[in-house]
Amino acid sequence: MNPMLNLWLIPLLPLAGAAINGFFGKRSSRKAVTTVALFFSGAAFAMALWVAMRFSSLSLPYQEYFAHWLRSGSFSVDFAFYLDQLSLVMLLVVTGVGFLIHVYSIGYMWGDPSYYRFFSYLNLFMFFMLTLVLAGNYLVMFIGWEGVGLASYLLIGFWFTKDSAASAGKKAFIVNRIGDFGFLIALFLLIRHFGSLNFNQVFQSVLPMSAETSGAGLLTVIGILLMVGACGKSAQIPLYIWLPDAMEGPTPVSALIHAATMVTAGVYMVSRSHVIFERAPIALTVVAIIGTLTAFFAATIGIAQTDIKKVLAYSTVSQLGYMFMACGVGAFSAGIFHLMTHAFFKGLLFLAAGSVIHAVGGEQDMRKMGGLRKKIPWTFWTMTAATLAISGIPGFSGFFSKDEILWRSYQASWVYWLVGVITAFITSFYMFRLWFMTFFGEYRGEADTEHGHGGHSASDAHGGHGHGGIHESPRVMVIPLVVLAVLSVVGGYVGVPGSLGGNNRFDKFLGPVFHGSAPAKEHSTALGEKGAPEQETEGPEPQKAVSTELMFTGISVVAAFLGLGLAWQLYYRRPELPDKVAASFSGVYEVVLHKYYVDEFYGALFVKPLINFSTRILWQGVDQKVIDAAVNDAGDGAKHVSDEVRHMQSGNIRSYAGWVAAGSAVVIAFMIWMWTGAR
Amino acid sequence: MVPSYVPLSYYLLLSGFLFGCGVIGFLIKRNIITIFMSIELMLNGVNLSFVAFAAHWHALAGQVFVFFVMVVAAAEAAVGLAIIIAVYRTRETLNVDQVNLLKL
Amino acid sequence: MGEEAKALSVGVFILVSVIKSVLVLFVLLTAVAYTVWLERKVVGHMQNRWGPTRVGPFGLLQPAADGLKFLFKEDLTPPHVYKPLFLAAPMMAVIFALTSISVIPFGNSIPIFGYNIPLQITDVNIGLLLILGVTSMGVYGVALAGWSSNNKYSLLGGLRASAQMVSYEIALGLSLVGVLIQSGSFSLRTIVDAQGGRFLGFIPRWNIFHGQFIGFFIYLMAAYAETNRIPFDLPEAETELVAGYHTEYSSMKFAMFFMAEYANMITVACVATLLFFGGWHGPLIGPPLVQAVLPVFWFLAKVFCFLFLYIWVRGTLPRFRYDQLMSFGWKFLLPLAIANLVATAIAVAW
Amino acid sequence: MSFHLILFLAFGAVCVGGAVNLLAQRHPINSALSLIAVMAALAGEYLLLGAEFVAAVQVIVYAGAIMVLFVFVIMLLNAGVEEETKGSRIALLFGVPGVLTSSVLMVWVVLRHSVTEAVPIGALPGHPTDIAQLLFHDFLLPFEVTSVLILIAIMGAVVLASKPEATARKVG
């Protein structure tokens, strides 16, 4: 039997930190707040590591039951945790990256007046995220799901005095709600048809079912609805619009929540429910298509962005698209693999970007940067590592994961692969564009004296750093950068594909979760072209496959280097070219610059009609003319009636007695009548 | 002496009569104290029927209920008379028709 | 309509009852009269006077003289009184006072003409409760008298009387409950029979020696208050209220109050004797006839002792102040009585 | 015309007379006295029914304590003859007819359905021990509750009747 791991400690530690900081942080010193926040998040990380060490000795999936939550009839939900390879990976990523970002935030947020609030929120986020990851059933997962939404809302709107921040937070929350709507309906369907939300029971009852190859069935519907939820949380088309705005939050938040952990919750959720998806090929296709489209689409937007964080945001969206593409083609382990590496290098990118912004005094526009290579070497080098990683330059973590995805997607359908490769090219292009614009050429910003005065420091956390001069960030910020840099370099080697002489250990590790759960063979042939059969990744692969895989690897590498070259051409050797290009393609450029006017489109299509509807019908119509009217009329009616009846209540005791007597006479008469009638 | 019987109905009629007198008194009397006495009269009427039924059904519980009624009556008398005194102190009258402001 | 109704035929029963009633009434009234004489004598001697001496030897005819005096005095009713009640009050007082004597047993039943006649007008098995009830009704006489004579002194007297009696009635009843718990009956006869015999051969098995001393003490206090005797005679406090509730009364009506008061004293003394001093129990010696009469003698002797105690106290103690009276009754006697009751209950349940 | 019936009628006559007198009298003290008479007569009825204990308690509690309180209050407030006020029409228009109708109905029911049943004299000797058994054993909880009720009533009476300034001093 399993030893008691006390998993519940892992989420509860950050919660305790959040509570302590939230209640007492206002009065306690920054040092105290720092200590608390670091201690609890670090403790969670240590605990996760300890669990990882004990992991081999566990019989999986390891489950912990704490208490009954709901009970109605046969349906019951418990507070239960569920640990297997998948959630272990997520656990390590969340706690590890989270802890690093905590450390980073100390330096970054030091000058902020509501320092304690930030860390309280951050810890709270950790709590919810861990709950989500460790949940033993969909409902507990949903708690975490909503909780991270809340935390992200709070943190995006951290500088709520800034209107854009506040509205960005609202936007994120509302868009997420749309996704949660789908998620909830999926949960209801699960309850309705499987009578339970526990992963075990649901999956046990799903496993024997055969794949719905012919037309959409229950599982398909559930899958698509789950995907809707995932779209909301993981910023996929059509619900990705909140993520770029979310960059209004402090950069560590963007790094932790909107790059590393929260936005990947959707991927986690989809791959957690892989049993369902594998039996719903149509849903899988939907996932894959959405992922592919998002990847490409967001990447193209990324090209034209000039705000450094916006670029990163769109790249995040597109990377998430990659992950969903992987899930969509049934390569869940590849998706999770990319999730992990992405957590490393994208977190690093954001942190480094934050460090850059920090250095130039709150400026976020890349056109006002440049030539920072010398001034902030640590940031430069770490950022370089991250850029190489994300662009899929061989040897870096991103390369392995992205390559894995591309290869598996090719096995599903060459279309995915093609789009994927193009996206890879674009990715490396805009990443290196960012890289060149930021660190090379000569500095295009204002004079040093301008740095970090009110306006800028208000625009991002730079309160304490009023002094001029572009300067390297303090050590407390640099160390996490370095650690993450190392991780994003070596992080990929856990999953070196067989074709490159490795034996995909990561895939093997996750194997027990994903493999063997696929529907029976004849179905898998039935879904031959799409939803790659899991078996292919197991064991040494056939030679032909190896050679082709190598070829495709080569192609993607070439694409990456092409992107690099183009960026070098445009933004390093001949910096004037881009404007020309933009001018020549002004129409396209405008469209891309304005993100394909998606926000405006949504505004015109949904938001404005909704507002008008609510104003005209709901507010002025229903609320004022029906509800308020009803209430008021009820009040007036009561008043009028009582004005009449009041006279009955003369305050004369004997009159009351008279009424009582008359009434009792009536009652007695009635009773006797009934009684005589009865006999 | 010869064992003799009185119909239960006689007792019931008597108690009903007492009760009715009590109600009438409550209705037509103007003096608060008298009204209270009318209430006591009602209670007594009820008690009589209690005891009569107790004797009729051979159930002592009826008599026990009488004790409870008495206790309630005692409490009611204590509080009621205290109220009357308070009313008199503020209103200088014992006439219910002049104590019609629903407050003391 | 007691149990003995079965033994006797109706006619004889009624006859016997009437005879007994008349007898008891006569004895009682005489006793009342001579209690007054006794009081005057004793108090006189206490105050180093002679008391009544002129009428008859030792003034033994004094009661008769008083009675005549009352009879022939003018019976005046002041114009401002509320007449019906003014007339009714003294009668009430007397009636209630005399009623309560009806259930007092003076001794065992004695055989006369083959009939077994109990020395008691009637023996209801709730005798004690009846006495309590009647004595509690006794307050009406005083109160109504005070109110109806429409005179502020009298009103105060009446108010005091009713308040005092209601207050002390509780202590009185509670003090008796201890005895009831011990004997387990309301019937005075049973209670007395339970007190026959002796402890250790010489201590009579009376309730007062049977753990009810405190009960007896409380009963005594409460009884004095109930009968409006010194030190609790506030309703008729001459010095403050000019004789309180019977200020306006004269001649026979006044005599009625007088009789009522002394009758009550005698009743109370009888009850004390029955409940605490073993009733008619006492050493029985001599020939059968003597033995038949002796219990009655013992009973009367004990009652006499109590009456003497009454007079003695009156001769010695001062009067309470009204607030002292109330606080004594509510704050001392009542808790003490409750404590005694609880203690007795525990002891019996042991 | 049995002995029992005679006694019943005698006591009943006192009851009826007292009740009617209570209504007829205009001075509260007379009403109080007539009520006392009613209660005493009721005690007699209880004796007829064999409920000796109840009868005694009726006399002690009702006639001896509660009514004494009434008389006391009447004397204290020196309540005079009740003055004729316009009164309340409702009481007369609705109340009295209501009472009459309901009582008529009740009489009808009683006469129709329980004439035959009869109670012998002393039908149920309510021995104090049996009553105590019921009171302190079977009805223990109600008994305790009533004791609490009494306690509350006492406190309420004290608070209500104590002089306002006295209470103010106690409170303040």
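We just call them A, B, C and D in the order they show up, numbering each chain from 1.
Here, contacts are C-beta pairs under 8 Å (C-beta built on N, C-alpha and C of every residue); 3 or more make two chains touch, one makes a residue touch a chain.
If you're wondering where the values come from, they're calculated on a predicted model, not measured in any experiment.
Colleague: Stepping chain to touching chain, what's the minimum from chain C to chain D?
Modeller: 1
Colleague: Between chain pairs B-D and A-D, which one is joined by a greater number of C-beta pairs in contact?
Modeller: Here the pair linked by more C-beta pairs in contact is B-D.
Colleague: Just curious, how far off is chain C from chain A if you go by their C-alpha centres, in Å?
Modeller: Chain A and chain C have C-alpha centres separated by 98 Å.
Colleague: As a quick test, compute the distance in whole Å between the mean CA positions of chain B and chain D.
Modeller: 4
Colleague: Centre to centre, by mean C-alpha position, how many angstrom separate chain B and chain C?
Modeller: 32
Colleague: Measure off the straight-line distance from the CA centroid of chain A to the CA centroid of chain D, and report it in whole Å.
Modeller: Chain centres of chain A and chain D, defined by C-alpha means, are spaced 79 Å apart.
Colleague: Residues of chain C that contact two or more other chains, please.
Modeller: Where chain C is concerned, no single residue meets two or more other chains.
Colleague: Which chain D residues sit where two or more other chains touch them?
Modeller: Those would be 53, 57, 65, 69, 74, 76, 87-88, 91-92, 95-96, 99, 106.
Colleague: What are the residue numbers in chain A that touch two or more other chains?
Modeller: Only 650, 652, 654, 657-658, 661 qualify.
Colleague: Okay, in this complex, where on chain D does chain B touch?
Modeller: Residue list for chain D touching chain B: 2-5, 8, 12, 15-16, 19-20, 22-23, 28, 31-32, 35, 38-39, 42, 45-46, 48-51, 53-54, 57-58, 61-62, 65-67, 69-70, 73-74, 76-77, 79, 82-88, 91-92, 95-96, 99, 103, 106-107, 110-111, 114-121, 123-124, 126, 130-131, 134-135, 138-139, 142, 146, 149-150, 152-154, 156-161, 164.
Colleague: Any idea which chain C residues touch chain D in the complex?
Modeller: 82, 84-85, 124-126, 129-130, 132-134, 136-137, 139-140, 143-144, 146-147, 155, 158-159, 162-163, 165-166, 169, 173, 184, 186
Colleague: Give every residue of chain B touching chain D within the complex, in rising order.
Modeller: For this pair, the touching residues of chain B are 1-14, 16-18, 20-25, 27-31, 33-34, 36-38, 40-41, 44, 47-48, 51-52, 54-56, 58, 60-61, 63-64, 66-68, 70-79, 81-86, 88-89, 94-95, 97-98.
Colleague: Could you list, by residue number, the parts of chain B that touch chain A in their complex?
Modeller: 23, 26-28, 30, 35, 96-97, 99-102
Colleague: In the complex formed with chain D, which residues of chain A make contact?
Modeller: The touching residues are 650, 652, 654-655, 657-666, 668-669, 672.
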